[in-house]
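Read through the structure below, which is laid out as structure tokens, and then see the notes.
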Amino acid sequence: MEKRRTATWRVRLRSVIFLSDSRVGKIFDIAVIATIIASVVVVMLESSHAVDSMLGPILRVAEWCFTIAFLIEYILRLLTVRRPLHYARSFFGIVDLLAVLPAFVALLLPGTHYLAVLRLLRVLRVFRVLKLVPYMKEGVLILEALRASRRKITVFLFAVLIVAVILGSLIYVIEGEENGFTSIPRSMYWTVVTLTTVGYGDLTPQTGLGQMLAMAIMVMGYGIIAVPTGLVTAEVVSQSFRLRDQRRCHECGRTGHQPDSGFCRHCGNNLDRV
Amino acid sequence: MEKRRTATWRVRLRSVIFLSDSRVGKIFDIAVIATIIASVVVVMLESSHAVDSMLGPILRVAEWCFTIAFLIEYILRLLTVRRPLHYARSFFGIVDLLAVLPAFVALLLPGTHYLAVLRLLRVLRVFRVLKLVPYMKEGVLILEALRASRRKITVFLFAVLIVAVILGSLIYVIEGEENGFTSIPRSMYWTVVTLTTVGYGDLTPQTGLGQMLAMAIMVMGYGIIAVPTGLVTAEVVSQSFRLRDQRRCHECGRTGHQPDSGFCRHCGNNLDRV
Amino acid sequence: MEKRRTATWRVRLRSVIFLSDSRVGKIFDIAVIATIIASVVVVMLESSHAVDSMLGPILRVAEWCFTIAFLIEYILRLLTVRRPLHYARSFFGIVDLLAVLPAFVALLLPGTHYLAVLRLLRVLRVFRVLKLVPYMKEGVLILEALRASRRKITVFLFAVLIVAVILGSLIYVIEGEENGFTSIPRSMYWTVVTLTTVGYGDLTPQTGLGQMLAMAIMVMGYGIIAVPTGLVTAEVVSQSFRLRDQRRCHECGRTGHQPDSGFCRHCGNNLDRV
Amino acid sequence: MEKRRTATWRVRLRSVIFLSDSRVGKIFDIAVIATIIASVVVVMLESSHAVDSMLGPILRVAEWCFTIAFLIEYILRLLTVRRPLHYARSFFGIVDLLAVLPAFVALLLPGTHYLAVLRLLRVLRVFRVLKLVPYMKEGVLILEALRASRRKITVFLFAVLIVAVILGSLIYVIEGEENGFTSIPRSMYWTVVTLTTVGYGDLTPQTGLGQMLAMAIMVMGYGIIAVPTGLVTAEVVSQSFRLRDQRRCHECGRTGHQPDSGFCRHCGNNLDRV
């Protein structure tokens, strides 16, 4: 009897915490999201000297309240979920833990509690709460496009790394330490800053030869920008073509219709008639 | 009798102000546009110390003349338009108000009268006056492409925001205040400056670890550039495909067929049969 | 008899100067190109203090020799060409004049003789000489793609201009003169530097509000980059599709074949059989 | 008999060095790669003053060990390969030589031994070892896309060069030496920095006219970014279209059909008939 009641209590709590279909569950989710954003704002305010000197104690109390609230929520989730280990190792399980950990780690390593902003990732649940399904779909499409170009992008990054090492060493030999290029890693940093067209200007070539190399790297970076853009674009284009490809005409067997077509564009057959 | 004459007067004034088909209406519109550009130039000149010290009083008089002229025009439009409330809440109604407001607000809040440049938006009417319809169509096409990728871009911006908060906090913890990263919001500013490849260089990482993180962010920014470009490109490509085929179905009158379609995708009619 | 000989002389000279099919014409063209590059290098060397203090007099003599040579060539072209006025107003006629003018203008306005580098444009003739026809075709394709997106790009530039004026005024009001934003034009310069992701860093926002606006402008710039890229890409893609479109199947009348197809992909008919 | 044994020895050594199918060959290859990465890390550490003052002698000894190891490997490869001259002139032959040369050149020209990082290129062999064939294919695809746009990109770079010379001279005349634009080559450097949106900020226009030119160059750079991106994207798109269709003609065995083709474009055979 006692066990039964506990089970019911777990089930009811689980439905509040994990499902947002019920009214209570939805209110709970919105409250959690508001808390997350408030707690991230508190961490940000704390990092600012001007604000911290005024509101310091209040902010610290608020942060601990948030942390304890998130800790309780994490424990409740662990207790009520069907497969605690599976949850603990899932993306949101790890994110829920990371929302709590930094505050405790900061007791040993001061300064690290700012990493509590990682709890912002929990806001991704907002998609579930607000039923932003079409937005979620678009996000999935972008991720799919990126995943489909995954291998090409890996090859690309590998090439960029090799280029950065070699060009960084070259500029290090050309410019030398008297112009700020004090080591190869630092010169690699400059190379990446230049190749990606960021161009901070904290390190700039001073010799004529160095400037010529810099110009070559910039123009190269220009061309290199074209590559990932081309890959992702081609992926998105072919993806949107693939979305068109699904229906097959029952008369002539051809695919490649647009989603709003009613009739086969090859033989005029009604696409919806089986 | 009196009322009749007023109505006629309103109708005639309305045709001058709102329609540019008539000769007088066209001259009126061109005069308004010339006035807008002149007034924006006056505001710009006023903002320059060197010019203001020489021509200050003249510029101020000129600006008030422009403001009063625009005020009179705004009141006339309100008086003569058929549905004043509808106009007042339309895009151009708000722009017309914003052309006048800053001068008066500046009496209370000095400095804000520079916002009078917002009246430049009124120049968008130029498209109507100069019959730049094809150019307008292109603008509409661009806006359509942007609107069609609206949701994807929202998701994208949301992701960029979360990335900026998390990476900003990370660099804040790594670099700390002694290297200029004085708060998390300021570090987020640096993250966005880096991620978008703007790279002012007012804040730069000084530690080795910070520079490595910066390199990762730059290369990430490189990849991230690819995403909106890919989305908009795919949209423009599919748009231009849809527009390219000029054939019109003789049965249902719809266009937008693909160039190699033989049959209407709306009614299945043979496209080549007249 | 005298007149006849002059005519022959003109014809022969014209064939040397204007045509590169003959051996002499080709040698003449290559000599001209070598002279152009040498003269541009001389102008560049002259601009450098270090080199000019050493070789100053020699460089000046060399430049005058080049100028006189180009002047003689220009006069010869004018004398021998069939329609001198038509030539003088053509692209290369103006470029040939600009190769000579700066040296003489510099007698009145010192410093302007550096503009003699405009003679570099004459090197475009290299395409004719070296029979770089396929390269020329690619250049023409790029120009066509740009010309086809001409109107869209005009609308785009117009929008960028309006955005720069409004955002420039906004940042001017927010940041003010104490942070370096000394006038609206200068603030517009900052806006364009930020929007295009160039980011010199000579002007940077110092206030929190200014940095928030800067972040918004950067992310906007990110999205804006996508627009011209999308337009040009769509143009190049549809151009390469259009190249495929030319042959029409004699059996089924469909187009859209790839350039190396021998048979219709719709009905299997031999495309080359009429 | 003696000769036979030598041959066998050569054959066995060759199979270890050049083939990675055998177990020993694979272990050898992984060892070489580990050595390469270790040696590049050593060169990088050496370039850093802080590390070099501590570990200097050890690093120098390590570098010479690596160099001698690579030298021995290079000689072994030369001795065992079937066509030594062919190998010596191949890409990897030159890379293997460049892995060794800098250490010896540095005896004459101090500082150049940092170029030993070129041995990093040897890591490209990793693709063969780790059987990263699909990744290699992607790399080949990227290179193909770049090669197919080769001529367009050459024309593009040529145009950028001419634009840089002319705009560089223009800004040199406008800004002059008092604003840091001390010579035309240096002004060209600024032009490229601006056109590619790198924007170091070590040189910035100070005059109003110079800033207007800079704004024009930036917006131009914006448009110019669109061109290579468009070219590469169009190439990748058409490539992925060509690759997408896996159908093979049963008559002539060719692939590369478009997804909606019904007939082989090479022989006109019905693609759907087995």
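The chains carry the letters A, B, C and D, assigned in the order they are written, with residues numbered from 1 in each.
Methods note: a residue touches a chain if its C-beta (ideal position, glycine included) is under 8 Å from a C-beta of that chain, and two chains touch if they have at least 3 such contacts.
As the structure is a prediction and not an experimental result, all values here were calculated from the model.
Visitor: Identify which chain pair among A-B, A-C or B-D reproduces the interface of B-C, meaning that over half of its contact pairs, matched by residue number, are the same.
Guide: A-B
Visitor: Please name the chain that ends up farthest from subunit B once chain centres are defined by their CA atoms averaged.
Guide: Centre of mass proxy via C-alpha means gives D as farthest from subunit B.
Visitor: Answer with same or different: of all residue numbers used at the interface between subunit A and subunit B, are over half used by both copies?
Guide: Different-residue interface.
Visitor: Let me have the rounded angstrom distance from the C-alpha centre of subunit B over to the C-alpha centre of subunit D, please.
Guide: Chain centroid spacing, subunit B to subunit D, equals 42 Å.
Visitor: Distance between subunit A and subunit D based on Cα centroids, please, to the nearest Å.
Guide: 30
Visitor: Of all the residues in subunit B, which ones touch at least 2 other chains?
Guide: Residue numbers touching two or more other chains: 185, 197-201, 225, 229, 231, 233, 237, 260, 262.
Visitor: Name, in rising order, each residue of subunit B that touches subunit C in their complex.
Guide: Checking each residue of subunit B against subunit C gives 40, 43-44, 47-49, 111-112, 114-115, 117-118, 120-121, 123-124, 134-135, 138-139, 141-142, 145-146, 153, 157, 160, 185-186, 188-189, 192-193, 196-202, 224-225, 228-229, 231-233, 235-237, 239-241, 244, 259-260, 262, 272.
Visitor: Can you check the complex and tell me which residues of subunit D touch subunit C?
Guide: Going through subunit D, the ones touching subunit C are 151-152, 154-156, 159, 162, 165-166, 169-170, 172-173, 176-177, 182-185, 187, 194, 197-201, 204, 208, 211, 214-215, 218-219, 221-223, 225-227, 229-231, 233-234, 237-238, 257-258, 260-270.
Visitor: Mind pulling up the subunit A residues that touch subunit C in the complex?
Guide: Within the complex, subunit A touches subunit C at residues 197-201, 229, 233, 266.
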